[in-house]
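Please read through the structure below; I'll follow up with questions.
Chain IDs A, B and C follow the sequence of writing; residue 1 opens each chain.
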Amino acid sequence: MRDLLSINDLSKDDALEILDTAVQLAALSDSSNRKFPTLRGRTVVNLFFEDSTRTRISFEAAAKRLSADVINFSAKGSSVSKGESLKDTALTLQAMGADAVIIRHGASGAPAQLARKRWIDGAVINAGDGTHEHPTQALLDAFTIRRHLMQDKGDLAGLKIAIVGDVLHSRVARSNVLLLQKLGAKVFLVAPPTLLPVGVEHWGAQINFSIDEVISECDAVMMLRVQKERMEDLFFPSEREYARNFGLNAARIAAMKGSAIVMHPGPMNRGLEITAEGADSKKSVIVEQVANGVSVRMAVLYLLIGGATSRDLTAQIGEH
Amino acid sequence: MSVVLNAAEIARALRRIAHEILEKNHGSSEVILLGIPTRGVVIAERLAQEILEIEKAEVALGTLDITMFRDDLRMRAPRPLTPTQLPKSGIDAKHVVLVDDVFFSGRTVRAALDALNELGRPKTVQLAVLIDRGHRELPIRADFVGKNIPTAKAESVKVNLVEIDEVDEVKIEGRSM
Amino acid sequence: MNSWLIRNARDLQGKNIELMISNGKVVDKADFVQPYSELDAQGLTVMPGFVDLHTHLREPGREDAETVLTASQAAVAGGYTALSAMPNTLPVADTAGVVEQVYRLGQSHGICDVFPIGAVTVGQSGEQLAELVAMNQSEARVRIFSDDGHCVADPLVMRRALEYVKLFDGVIAQHAQDPRLTENAQMNEGEVSARLGLKGWPAVAEEAIIARDILLAEHVDSRLHICHLTTAGGVELVRQAKLRGVKVTAEVTPHHLLLTDELAATYDATYKVNPPLRTESDVQALRRGLADGTIDIVATDHAPHPQEAKDCEWNAAAFGMIGLETAFSICYLSMVKSGLMSVAELSLRMSSTPAKLARYSDHGELAVGRSANIVLVDLDKSWKVNAETLKSKSKNTPYNGMELPAVVEKTFHNGVLVYDRMNQGQEGV
């Protein structure tokens, strides 16, 4: 594995290796709060063309725990906003010698372009691209589900997981559908028809227009953020109507299985896709998702650039 | 390929090491055996069993994964991590005995010392190995040695243990006869 | 002016023929002027030069991407002897002045004919009709009008335009794309767009406009031409309209006859094009439509862009691909090699039908007394596309590195050898 651009890049075994590694790293992090020297001398660049404080901080914490040097490159106030192209930005990072570039971009496919055109030698990690994918979020979600429902072991076979909300615009949903199904879970997509992409029937998930039809049989319910601007684009008539039909409220929490968990990738719109009772209920693992994010991202960084990388091999060849 | 230690010899060596550990640390109460994966863990378990038989008391046992602390990470593909499991009491102010199968360059032990440093502050750190094959690259020595086996650098020493390899024996591979 | 004697060529029926060219025309012995150059065309098939009704030459305004000169050079390297310059230049070709400028540029280079297409509306903004009669009466004699790149979306504007061009036997070439249904759209809407997270461009956005315009053309009894048809549904709409006797014609691009939306999975913006690449079943429907005549002609929609407009995020990249130099090979591959039509039928779709449709009287026919606009093709050879050696100033071809059948060997424009693959150059005038 050279890059992490899409969950499609991972075999089931690859995904399980990341989760298993994250389990060990989480245990180590629990028993000591200090750093590991593993990535000492490695440079990790956070290349964020889109604001996302929580994802950036999570990757930064992961990289620093592993002793990597972290450079934060934010589009705000940088030359990107002055019209510098993705290519030129990449070439600049290449000149700095980045071992890994963690990229968040508003355009679907931007990480894939960085990797495929090989403007940089370093590993490319997709930290969310447009409405395409957000693979590390799916990995941390799978980690959280496995921790709560499978004792940190094996795959997710037999579990039923609902993903509820704006599937159309959600990179979290795309990555999760791919990963959770790869790990053997049954996935329900619950959304108004306007917020499901044309072609969603090819995803292998079961489509439902009613959250109440599926909520009682699910082991995990993942709520997606719904942006209020979607209303203006005619995806739903009003916030009230959306919340009534697709929001997670106390009554729906009560209908869930005793062991089932409530998830949300954040940031939440309390009162829209989730009520305060939903967000703060005992079933909610939303805060824990954040902590697990660091372990999972440490695992991804370790597996991508902890061992010999193509850059190392190039350097070795160069020496001879 | 030649067998340099058979099952009975391995058992005798471990029993002796168990005695030496008890002697040096005045019993087992403050001792923690930390096995270094993979075969160090099995040897630590066997030493704990020996100590139980000798002392009629359980010795604290754990495992220490040193992968994240290795200095040769960049020379090969990333290795899978294994669990680090410490006794609940922790390692502070204890006599920690690191246990490994083959003692060679000393780099594994160095990584283990770094890993320990992240986990607490033992009173002493000691080293028990089944085989010392020489060729140290760092100023590190073992406290307890099952058998010293002089080797050529190109040779490799293979420790087989029943729990993993279905047989107890130590072999040298790549030796020209 | 030179005379040529072309011997041993095969015509479209496979017969061995001898062609004499003098004073820019195909002549018989009586009019053949000495001295002459002789060309042994053993193994080559001769046909009338291709006629493109949909070319973006970028001049004036975007000479960094293409010029009338480089597009003309690319054209004859692809066997084309006539181009039709789409009006989305800077400034827009919406006045007699601009269309005359483009026309004169083409004539002055003398490599091939460049016939300007006029904008339907001022600035292609879709609101106010441009001075269509003035453009028609200019030296450029514009007969085809299009807001290509934009759809004439307002039904009233479209109706008026269709009616107005009857004044001079003109035709409106519609870029069928409902703007609301394609806001910020990036690629064909379907399984692939859902997977890639790229905003979908539904087939219905194209078909709804085609259906509406067919009804409008029928109502006002005027000529409508549908640019770059891409969907199976669109083919069916045109087929039904033709059965009813509506004066509708349609074109398809070579790339829509071969490529599908799966190619977007690489996020390589070379494959970003307007209208978008569709599905395999659309490709098959387009091929059948072209074969049975529902689709009248092939048009390249040659759309050059500088590298930086493609070497960027998919969303930010420009729409379009170049196609003049590969058009015949791609059509030969998808239509003739696949057994759907003969070379003679392909020649009709690429030369005589577009010439008739656009009233380009000097093109599309190989006969004594007609202008010698001729291409010689080796149908048995193949070639490997190398973007760097293409004549077009831009390199945004989706076929780079591909091995393609059928090689354009020589092109004559008005009796002048303007392209000779062996000499890699133009004789010029």
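Convention: a residue touches a chain if its C-beta (ideal position, glycine included) is under 8 Å from a C-beta of that chain, and two chains touch if they have at least 3 such contacts.
All values reported here derive from a predicted model rather than from experimental measurement.
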Chain occupying the most central position, where position means C-alpha average: A
Farthest chain relative to chain C (centres taken as mean CA coordinates): B
Between chain A and chain C, centroid-to-centroid distance (C-alpha), Å: 45
Between chain C and chain B, distance of the C-alpha-averaged centres to the nearest whole Å: 77
Distance from the mean Cα position of chain B to that of chain A, given in whole angstrom: 40
Chain C residues touching chain A - in the complex, by the definition given at the top: 189-200, 202, 266-268, 308, 311-316
Residues of chain A that touch chain C when the two form their complex: 85-87, 105-110, 112-113, 116-117, 129-133, 171, 174, 197-200, 202-203
Partner chain B, residues of chain A touching it in the complex: 17, 20-21, 24-25, 27-28, 31-32, 34-38, 66, 302-303, 306-309, 312
In the complex, chain B residues that touch chain A: 65, 68-69, 73-84, 86, 114, 118-119
